[in-house]
Structure formats: structure tokens, C-alpha cells
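Order of writing sets the chain letters: A, B, C and D. Residues in each chain are counted from 1.
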Amino acid sequence: MDIVVIMLTVIGLFSFFATTVGLLRFPDFYSRMHAAGKGDTLASLLMLLALALYNFHEVNLANLLVAIKILSIVVFIFMASPTATHAITDAAFESGVKPWTKEPEEES
Amino acid sequence: MSFAEQAPVLLVIIPLLSALLVNMVGLINRRYCLPVAVTGILGSLTASVITLIRVMENGVISYRLGGWPPPFGIEYVIDHLNGLVLVTISFVSLLAVIFSKESIKKELPEKIPQFYTLFVLLVTGLLGMTVTGDAFNLYVLLEISALTGYALIAMGDNRALVASFNYIILGTIGASFYLLGVGHLYIMTGSLNMGDLLTILPRLYTLNVVFIALLLILTGTWIKMAFFPMHGWLPNAYTYAPSAAGCLVAPLVTKVSVYIMIRIMLSVFSPLYVYNIAGLSETIVWMAVIAILSGSILALAQTDFKKMLTYLIVAEVGYMVGGAWLASSAGLTGAILHIVNDALMTLCLFIFAGIVIYKRGGHQLQDLAGLYKKMPVTMAAFTVGALSMIGVPPTAGFFSKWYLILGAIDAGRYHFMAALLFSSLVNAILFFRVIEIAYFEPKIDHHGGETENIVVDEAPLSMLVPLIIVALSLIVIGLYSGDIVTNIIQHSVPQGL
Amino acid sequence: MPSIISDYNYWIYILLMMIGLYAMLAKNNLVKKVIGMSIFQTAIIIFYVSISAKEHATIPIIAHHGAAEAAIDVAHYANPLPHVLMLTAIVVSVGTLGVALALCLGIYRRYNSLEEDEIQEQLQ
Amino acid sequence: MIWQLDLSILTLIVICAFATIMVKDLLSAAIIFGAYSFLMCLLWTEMGAVDVAFTEASVGAGVSTVLFIAAVYQTTRKVGVRKSGRLLSKAVALVATLLTGLVLLIAEADFPDFANPFTPASLHLSPYYIMQTLHDTNVPNIVTSVLADYRGFDTMFETAVIFTAGLAVIAILRRFKKEDRCDLPEPYVISEAHPDTIIRFIARQLVPFIQLFALYVVAHGHHSPGGGFQGGVIFGASFILLAISYDFKMVLGIMSERWNILLGNIGVLIYAGIGFLCLLLGANFLDYSVLSKVLPATDKIMARSHGMLGIEIGVAIAVLAIVISIYFNIVSRGKYDKGL
């Protein structure tokens, strides 16, 4: 059990790290949102799963309730976080943020 | 339950409930708002009077909210000092709410329910601040009265919004400083109850932190009462507020802050600490002198009648702060008596200004021209208020000034006495100028030339009656001020300072 | 626990308080002033909550499952009183914030500006 | 508490505070302020103040940020360029700030150490609450029992403060007439012709859960962090979410302005009314123990517990209505025509 928890935490931390790197290093708004939206959701999902499992050291009703609560947080994050990313991206597209392309932009 | 036993809490709860009721009937028909508001404040006045009578008979009353013993629960403590202030608050607000009837119809016809709800909530806040014996509960009510005050002021004309914004910034700084001061006391003592703090603090008197807590609380209340260097928000806020709101805010908010300062000085820190150990007396009396002088001089410079009154409030705050810090019994007596008197005098003058705005549509000095012939009764009442402001016997203003001067002599602070006399002189000049304009200068008519046959054209009765009552009460309080001092104020002033 | 921690919270609250106060007094933009006001108020909340913290203490909810009626160790729970006070303070601060923002909007509606000096110019 | 965490969060908070004040764009300032509030929330959880953290999460990070964004949306994002000639006032502000800081530092030298369990504050009143709460009120969450019972009177006025704020915003902003003589053109044009299906669908799915959670927070406040205030804010937030993802009019159809005002009123009235009922039953104001006379099958201690639940519900109703009302007024500039 402990090994699974550690595995999940480590993968979660890694994808948080990847997200941060992506946010800092990607060239334009959309790709940054891409990194943030996906990586973040996955990472928090893994971490929360790890927490829910960690909580099960001793199986009883109270711990089960806590695990269910954590799992429902996972579900809601899974629904809300990509939607928020979508909303932000959509708003950016509406207000005319240009996607980055390989061709160098004309100097203005 | 008997009404008398529960009166200490009822005097706060009745206005709170009636504020809610005002809002609800406002959704149905806005004509019912005023009667409900008046009933609520009347109920609170009754409860205050009963409480004061009980205090005079039996001494200090303590009321446990939620039935918990202090310091674990919140406690209401009513002694002679706040009994008197409570009656003053509810009396003044009763007159102000009656006055507001016509003026609000003219100035804010759309928002009558909101206005009266906020109005009654402000009264609730002020009463709650006065009656409480818990330092944190005081903060919550301070914020209620502050928030209602910002909104009531912002409902005025165009410039009122900016004035109110300045008020909200400074008012929040003031309230937060108060809260911070209470926090400094809490971290050192672990208590929030004023009586409890009074017993715990003496062993900490040597620490800096107690001194700084006092300083923070004082700064907070000074900002709230517009003591001179921190008075920036007051003149504009009070000038551009709706006149009905001005009649409530101007007489009461600053005075209640003065009361809080005195309450904290006497009931949280002891007179021994504030006057002897802290060693602030000398400085603060000098600050009060400066406040009085600059308030008076700035008032002289105004051409706007209402603004002139607001600067006079700044000067009057100087009287009270100075009196409270003279470290003499007479000075403190004068300061407390002046809380009552000044509330009534300010009410009188602001109701007068409200009537002028109602009739003439402006509050410049020129708008007063020719008023003696048009409105003889109003002007007579105004003259009483003005005389009281100057300090002419037998009006109330004379007596509180008398005690303040006695206190200044007792304490040997002659500069304070000089400032008081100077301020009286300035007030005399100011008000005689006003009276001169109103008496001699004819009103210039738009058709050119002077209007010949002047008809007496008084304000509506709902405005006139409060004005007459307050003018009469100024004289009555003046005549009975000896009794008030010996029966009420003497009990709350520590002797032998 | 190093000794720096014994004062760090209090230093930070003073620093935040100064930031907030400076923003309220010196900033020209009204919304910035309001933000300063919020920072100022949260600084006080940090101060109070710091009073309540105890080393090795847990949240102030008494564990009453299992060992019922066991002796309650006071040092085991954080001091609840400042928490209560600060709940009230947070509510007050959001109320003030709402009113202040409403005033900003009202001012903007009249003067088409949020800058204090431009509004003052229009007033004169 | 973990002191390393304490140090790092506090440092981040200061950085956020600086950034909020310094940044030249008001929308960014609002967002950074939201981050600041979340850090605060972490800090308080770390110090064991879970109820405060919960409130800060819902109020500070949630509602305040939304209000800031609504206000910025209705005004302008730009911060004006600094003009010269304000040096004097800046100097005065700087001196005042430094003076305050200095005074507070002097006071700080006398404070007992942080996190010391034997400070006066931890030894005087709070042991009573910790020891007695189960015995007096049967409520394990000490914060709830102190908030709603021992210091219930404060909380009643706290609710009144929120009610006052709601009314104040209406009084300041609300325009009852259709046109306003000194009204300005709309600052931004939002795409109303572009309803976004994904967002609407998800919002519609989430709202019932949010509301259920809000009810849970209210009802479970006796045993876990939370209570009427947090629950009310969350419930109100669900309506704000609807108003943002759908349009303004639709939410007004559910919660009209009159209902809002009435609900706010009723909430405070429930609180004050329970207090008043205690008074009528012959005890002091807000002394819930006498409610055992009217509630079936309760002793004095359970009556306190039930009384607290009653007032928590009152608080929740009031807060829910007022949060919505403040948001609507700010986002529509008091005209109730359209919003974000």
C-alpha cells in the first residue's frame, strides 16, 4: 500500500513540476494554458488519490467517509479545472490573442 | 421577564428589529417606513430612560448576554456615564427621524426604505457601542455604525461620493487601529471584557506594549471623532450628506467616539494609568488646544454655512478631548456634560441648516438672507442654538464650558482656558455674522429689487417641532445642569484626580 | 524550532500593515486604495490568529469519538477565541470591501475616472 | 504546525502583497490579490485555524476576488500614470507608515513568543471554552460554540454588518430609473451572442452539488469546520456561477431583487428572533437553554445545540442573499439590466 501511495505522490509531484516548467517555458498563451490545464488536473488527481489511499491505513467507517470525500473532490476537480481552462482560452481567443507559429512574427 | 430588567438589551434590540421591519414594510409600501422607524426609536428611548432611572436608583447594572457570566460571555454594563449618553443618543435620533420626514421626501424620494433602514441601524450601532462592556463587541458595533454612516453620507449630492470614499478609507484605518489596540491588550492579558482588563492590567503597567495599546486605541477613536490632525474626512462628508442624515451623523458619531475614548480611559485603563503613568496629558491637551484654534480659524474662512458648522464640530471635539485629558474632575465633568450639550447644539444647528436647504435649496451663507422675517420661529430656535454654541448663560453650552474652564484652572493648564475663550469669541463673531445676514440683508429676488410684502413662510411642522424641542431642551438642560452633574455625572467621574 | 520563528509572524504582520497603510494613504488609484485596505485588514487577522497558535496543537475541534469523557488537554488545542473574533473581522472586511467598491463604481460613474487627482481637478 | 511552512508561506504573502500594490493593471492586481487570499488560507490551516481558513477561502479568495473583478470590469483596468506634485502627500504617507511600523515593532518586543502554549492569551479565557464546550453545549467544534453561543451576540451583529453592507451597496448604487443622466458608455463589450455550451453544461451540472455542499457545511458546522457563514457564501457563489455562465436575467428570474432583500431580512430576523424568543421565555437574550421549554425532548444542553443550529441557518440565509445582492449591484452598476 505504502509503495502505491509513494508512487502516486511522486508521479503527481512530477507532473506538477512539468506543469510549472511548461508554464514558464512555452512560447505563447495557448500552449501555456495547455500545460497548466492538463498537468494541473492530472497532478492534483494523483495527489488526492494518494491521500485517499494513505488514509486507509486502518479500514473503518470514518476513514471510508473521508476517502469518499476526497474522491468527490477529485471528481469535481476533474470537471471544473478543464472547464476553467477552456473558458480562459476561449476568452483569449475572443479578445484576439494570436496563437504562436513557427514563422517569426513581423517586427512591428 | 420584566421590561425593566431586560431594558439594557432591549434598547439595542428594539431598533435592530425595527430596522428589519422598516426594510420589510418598505417592500410593501414606503409610507409605512417612517412610522415604524419612529416607533422603534421611541421604544429604545423608553428603554434607555428606564435603564438610566434604574442606574440612578440601584447603581451599576450588568446584563449577561446568552446568560454566560463575564468574562466568558459578553456583558452589558450600564453606569451613570453611559446611561446619560444612551438617553442622549435615543433622544437626538428621535428628533432627527421626525425631522427627516419632509426632507427625505424631497432629497431622496427613491430610496426611502433603504434610508430609514440604514438610519435605524446607525442608531442601533451607536447605542450598542455605548452600552457594551466588551472591547470586541464594541468593534463590531463600531463597524455597523461606520458602514451605515458611509452609506448615508454617500446618498447625498454629487460630491458626497468622494467625501464618503475618503471617510471609508480613514474610518477603516481608525477602526482597524482600535481592533489592533484591543489585540495588543488581548495578547498580554487574554481577556476582552473591560472590567476584567481593568483588574488584570495593573501588573503590566510598566510594559511598553500597554502604552502602545493605549496609543493605538486613542488614535483609532481620534480618527473616528475627527480630532484635529485627523479631521480630513469630516468637513466634506458632513457638508454633502443628505440633510436628514447629517442631522443624525453630525451630532452623534463624533460624540459617541468621545464617549468611547473616555470609557476606555476610565474602564479599561485606570485614571491612575492614563493621567499619571502614561504621561500623555500634557501633549494631548496641547493637541486639543491646536484643534480648537484651527477648527475655529478654519470655520471663520468658510462661506458655506454647513461647512462652517462642520469645522465648529472639529473645534468642539477639541473641547471634549482636552477636557477629558485635563486630569481634573471638573474637566472630565465638563467633557461628559459637553457630550450631551454638543449633541443637542449640533442637532439644533443641523436641523436649521436642513430647513434652510429645504426652503432655499442651498447652504451658502447668502441663502440665509432675510430669514428672520420669513421664518421667525425657526430663527428664534436657531438663535438659541447659536447662543449655546457661543456659551451664553442660561443655555446649556455655557455650563459645560464653565466646567471645562474650571478644570483647566484646577489642572493649571491656562493655555487650554485661553483656547476655550478664543473659540467662544470666534463663535460669537461667526454667529453674529450669520444673524446679521439673516436679519438685515434682504433676500435678492430674481425679478430684481426687493420683495415687498414678505409673508411668513415657515417650514413644515414636522421640521419645526423637532427644532423647537431641541432649542427648548438646550435651555432646560442649561437650567438643570447642576442637577445633572450632581445626580448623574458625579457618580462616574473619579474623585480626587 | 529556530528562534527566528518566535517573532517572524509578528514581523510579517507589521510589514503587511505598513504595505496596506501606505497604499491607502499614498496610492492615487481608488481601487488600489481599496486593495490596500484589504491587505491592512488581513494583516490584523494574521496578528490575531498568530496569538492563537500553539506548538504541537491541533485544530480546535474536540475529538469525542472513541475516548469519550477523556481528560481534555488544553495545550493540545489551538486557542479558539481569536478564531471566532477573526471570523467576525473577515465578515466585516468583506462588508467594507463591498461598500468601498460600490463607492468606486459610483465615483467612476460620475467622474469617469478612478484617479484621485483627476477627480479632485474635476471637483474644482 | 510546521514552522518551515509558516516561514515560506509568510514570505510568499509579502511578495504577493507587494505585487498587488505595485502592478499597473487592476485586473492583475485583483487576481494577485486572490492568490494572496489563498496563501492566507493555507497559512491559517497551517496554524490550526480551520474555520478562519474556510471563511477566508470562501470570502477572501472567492467572493472578494469576484467583486474586485466585477468592479474592474465595470470601470477600467488602467492605473493612471503617476503625476508629479504629489511628493508631499507621499512623504507624509511614508512617514506615517514608518512611524506606525516603528511603534508596532516596539510593542512587538514585549510579546510572548509565537506558538508558545503558555501565553496569557492561552491561559486566561480559552481553557474554559476548550474544557467546557462539550459539557455546556454538546458541540465539539469549539469555534462554533464560542461563535454562536458564548459570544453569540457578536455574531448577531456580524450578520447585521453583512445586512448593512448589502443595503449600503443598494443605497449607493441602485438606480431605479431606466436612464441615468450622467451615465457613461459601457466599458467593455462582451460577447453575448456567443453562449458557450461547455461552460454552461458544466456549470449546470455543478450547481446542485455546490448547493448540496453548502447545506452540508451549514448543517455539519457543529462537528467540523464551517457553519452558517461559510455555507451561505458557498450557496450564494453557486448563483454567481450561474449568473456568469448563463446570463444575468436568468438568475434574476430565480432570485429577484425583492426576494433577495426579503431573504436577507429574514435571515437576520431568524437570528434576532431566536434571541428574542429566549427573552420571551424568561431568560436573558440569546440564552438558548430556555428553548428546551418549547422544543420537544431536549434538555438544556441540547437546546443550546439546537439554538445554535437555528441561528446558523439564519446567518446562512442572510449571507446568501446579501452576497448575491452585492454582486448583482456591482456587476450591473446598480441598474439590474445586464452583467458579466
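The criterion applied here is as follows: a residue touches a chain if its C-beta (ideal position, glycine included) is under 8 Å from a C-beta of that chain, and two chains touch if they have at least 3 such contacts.
Small disclaimer: the values here were computed from a predicted structure and weren't measured.
Chains joined by the most contact pairs: C-D.
Chain C and chain D have Cα centroids lying 12 Å from one another. Chain A and chain C have centres, each the mean of its CA atoms, that are 30 Å apart.
Chain A and chain B have Cα centroids separated by 57 Å.
The set of chain C residues that touch two or more partner chains comprises 21, 51, 81-82, 85, 88, 92, 95-96, 99, 103-104, 106, 110.
Within chain D, residues 104, 111, 119, 121-122, 125-126, 129, 151, 154, 158, 161, 164-165, 168, 172 each touch two or more of the remaining chains. If each chain is drawn as a node and touching chains are joined, the picture fits none of the line, ring, star or complete shapes.
Looking at which chains touch one another, you get A-D, B-C, B-D, C-D.
The part of chain D that touches chain B in the complex is made up of residues 103-104, 106-107, 109-112, 119-126, 128-129, 149-154, 157-158, 160-161, 164-165, 167-168, 170-172, 174, 176-177, 258, 261-262, 265, 268-269, 272, 275-276, 279-280, 282-289.
Put simply, chain C touches chain D in their complex at residues 1-2, 4-12, 14-23, 25-29, 31-32, 35-36, 38-39, 42, 45-46, 49-64, 72, 74-75, 77-88, 90-92, 94-99, 101-106, 108-110, 112-115, 117-118.
Residues 21, 24, 30, 33, 37, 40-41, 44, 47-48, 51, 81-82, 85, 88-89, 92, 95-96, 99-100, 103-104, 106-107, 110, 119, 123 of chain C touch chain B in their complex.
Residue ranges of chain D in contact with chain C, taken from their complex: 1, 3, 6-7, 10-11, 13-14, 17-18, 20-21, 26, 29-30, 33, 36-37, 40, 43-44, 47-52, 55-56, 59-60, 63-64, 67-68, 70-72, 74-76, 79-80, 82-83, 86, 89-90, 92-94, 96-98, 100-101, 104-105, 108, 111, 113-119, 121-122, 125-127, 129-131, 133-134, 140-143, 146-147, 151, 154-155, 158, 161-162, 164-166, 168-169, 172-173, 180, 182-184, 223-225, 229, 326, 329-330, 333-334. Against chain A, the residues of chain D that register as touching in their complex are 191, 194, 196, 198-199, 202-203, 205-206, 209.
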